[in-house]
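Labels for the chains are A, B, C, D, E and F, by order of writing; each one numbers its residues from 1.
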Amino acid sequence: MAKVDGKGGEGVINALEDIAPDLGRYIVEFAFGDIYTREGLSLQERELITITSLLAMGGCEPQLRVHINGALNVGLSQSKIVEAFMQCIPYVGFPRVLNGIFTAKEVFAERAASE
Amino acid sequence: MAKVDGKGGEGVINALEDIAPDLGRYIVEFAFGDIYTREGLSLQERELITITSLLAMGGCEPQLRVHINGALNVGLSQSKIVEAFMQCIPYVGFPRVLNGIFTAKEVFAERAASE
Amino acid sequence: MAKVDGKGGEGVINALEDIAPDLGRYIVEFAFGDIYTREGLSLQERELITITSLLAMGGCEPQLRVHINGALNVGLSQSKIVEAFMQCIPYVGFPRVLNGIFTAKEVFAERAASE
Amino acid sequence: MAKVDGKGGEGVINALEDIAPDLGRYIVEFAFGDIYTREGLSLQERELITITSLLAMGGCEPQLRVHINGALNVGLSQSKIVEAFMQCIPYVGFPRVLNGIFTAKEVFAERAASE
Amino acid sequence: MAKVDGKGGEGVINALEDIAPDLGRYIVEFAFGDIYTREGLSLQERELITITSLLAMGGCEPQLRVHINGALNVGLSQSKIVEAFMQCIPYVGFPRVLNGIFTAKEVFAERAASE
Amino acid sequence: MAKVDGKGGEGVINALEDIAPDLGRYIVEFAFGDIYTREGLSLQERELITITSLLAMGGCEPQLRVHINGALNVGLSQSKIVEAFMQCIPYVGFPRVLNGIFTAKEVFAERAASE
C-alpha cells in the first residue's frame, strides 16, 4: 500500500484511528493485502481499473484523489490517466468525467507545487 | 467497431434502426469513431476501462455483455477480464462484481458453445 | 393516476395489495395526489421529467415501462419520448439511454399489438 | 454464512467455482468471516442493514433475494422486512422500494411453496 | 421530527422557506408524519435504516449529517452507528463507507464541542 | 452553447484547456453541436430534461449549477425549475431533490446579486 498510495493512503488510515481503526485495517489487509497482490494484472492496470471504478460510481472524489496519486506513484503518466477518463465518456456521461478530470487537475497541480 | 464489438454491437445498432437510428449513429460515430480511435491507450486497455465502468455503474448488464465480447475480440483473456472485476471488489462491493462475473460466465459459455 | 398510468399503474397497486398495501396507498396519495396535481407544470411536462429521472437512476425499467405508457396516455408522442432520451446521452451515457430506448420499443410494440 | 444465507449463499459460491473461486472465498472469509462476526450489532440488525444497502444501491436484485432469505433465516419477520423497505421510501424513492418489495414477494412465495 | 432531527432538520426546513416551502412541508408530513410514525420498527431501527440508505446512495452527505445527529438523538450510540457503516463494506465498497465514517467523525466532533 | 450555458459553460471549457482540451471540444461538438440542435424538443424542454437527469444521477452539483443557469438563460422561470425538482421527489427521494434545490438557491442568489 505504501508503494501505491503513499502519504495519501497513510493519511486516510491515520484519520480512521480514533473512530474506526478496523476500517483502516480492512483496507490494508483486504484491499491491499488480498486484492492488489493478486496475479494476472500489473499494478498499473490495477490502478487504471481503480480510478475508472471510482469515477463511474460518482461521489467518490476523495478516494479518486488518493488513487490518482496512486496511479502516478506506480508509473502511469498524467496523459494516460486523462485518457482513461476520456474513454469513460460514452459510458458514464460528461458530468462524472468532468468531476474526474478536475480532481486530476488538482492532484497534478499539488504534485507540481511540491516538487 | 466491427473489430471490437463484432456481431453484438451490430445487433444493437440494427435493433435501434426503427426507433432511434441516430442513437446507433452516435454510438458508431462518437463512441467508436471519436473515442476508441484516440491515441494514448491500446484497444485492450480501452476495453478494460469500458467493462470496469459498466460494472461500476450497475444495471448495464446488456452493455457489459457486448463489451465482455468486445474485450475477448481485441485479445484480452478470460482470466484477465475476471481479474479486472476482482480488482473492483473493494471499490464497488461484492454485489456489482457478482453481477459482472455471472454476466462474464454466460458470455464465456456462449462463445464456447459456438466454437 | 388513472389518467396518467392507466392499467399499468393499477396493476402495480393491485400487486402490492397482499404484501404492502400502504406502499400502493402512498403512491396514490403522495406521488399522484400531492405531487402530480401541483400547479406550474403540465401533465406532459411532469411525465417528461418522470421518465427522465427513471432513466437516469438506472435499474428502474419496470417503473419506466409504466411511465412511458403514462407519457403516451397524457398525449406525448412516441418521437418526443425518444427525443427526451436522446437528450440524456451526454449526461447519463449511452448504456442507460439504450436501456430506456429498448424499454420504450417494447412498450410501443405492446400498444401497437393491442390496438 | 450457512446460518445466514443457507442454500442461497451456497448456490452462489458453487456457481463461482469454475470462473472465480477466489470471489467466493472472499465472500466467505471477508464478508462473513470478518464483518458478520463483529460485535456491536445483532445478526438481525446486520441483515436489516444489508438488505437496506442492497435496496438503495439498485440493480442488486439477485443479492437482495439471497439476503431477504438470510433475514428470514436469522429470525426477522416478513412484516419487519417489508417495514424496513417502507422506511426507505423518502430517501431512495418509490421505484427502488417497489423493486425491493416485489423481490420480497417472490421470496416469501417461494418459501411458502417449499414448506 | 423535532425528536429525531432536532435543530438539523429544523435548519433544513427553514432554508427551504423562501424557495420551496412545500418541499419542507412534504418532508414533515410525508417522511416524518406518514413514514416515521408507522408501527413495526423502533425509532432506533428506523434511523439505522435511514443512515444506511443514505450511505449506500452516495452523494447525500448533507442528509447523512442530519440523520447521524438524528440517530444519536434517538439513543443510538456512536459505536453502533460506526458499526452499521462497517456492515455496509461488503455491499457498497470502501469509498462510500469512508465518506460515511468521515461524516460521522465530523458530527461526533461537533457534538463534543457543543457539550 | 453560448446561448444556453453562457459564461458558466465557457468557464468549464477554459478550465479544461491545459489538461483535456478534447473533452471541452466533445462537449461543444457532441453535446451542444449534435444533441442540443436536434429537432423535436424546444431548448426549454431540453434544459428541463438536462437538469432532471443531473439531479437524478447525484454527485453532479457543479454541472447542475451550470445547467440551472442554462435553464434560466433559455427562459425557464425560477419557479418552473423548482417545480421540475419537486416532480422528482417520488422517483429519486428527498435527499437528491434537496441537493438540487439548494444548488438552485445558490444560483438564484448569485444572479440576483449580479443584476
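By definition in this document, contacts are C-beta pairs under 8 Å (C-beta built on N, C-alpha and C of every residue); 3 or more make two chains touch, one makes a residue touch a chain.
These numbers come from a predicted model, not from an experiment.
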item	value
Shared chain contacts [chain A and chain C, defined touch]	B, D, E, F
Pair from C-F, A-C or C-D with over half of its contact pairs in common with B-D	C-D
Type of chain C:chain F copy interface by residue overlap (half), same or different	same
Chain A on chain E, rotation in degrees - Cα superposition, rounded to nearest 5	120
Between the pairs B-E and D-E, the one where more C-beta pairs touch	D-E
Distance between chain centroids, defined by C-alpha means - chain D, chain F (Å)	38
Rounded Å distance between chain C and chain E, as computed from the means of their C-alpha atoms	30
CA centroid of chain A to CA centroid of chain B, Å	23
Multi-partner residues of chain D (at least 2 other chains)	22, 26-27, 30-31, 38, 54, 57-60, 63, 86, 89-95
Pairwise touch network: line, ring, star, complete, or other	complete
For the chain A and chain D complex, residues of the former touching the latter	22, 26, 30, 34, 38
Contacting residues of chain C [partner chain D, same complex]	12, 15-16, 19-20, 22-23, 26-27, 31, 54, 57-60, 62-63
Chain E partner contacts - residues on chain B that touch it in the complex	89-95
Complex contacts: residues of chain F adjacent to chain C	27, 30-31, 35, 38, 40-41, 45-46, 48-50, 52-57, 60, 63, 79-80, 83-84, 86-92
Touching residues (chain side chain B, partner chain D) in the complex	58-59, 82, 85-86, 89, 93-99, 101-102, 104-105, 108
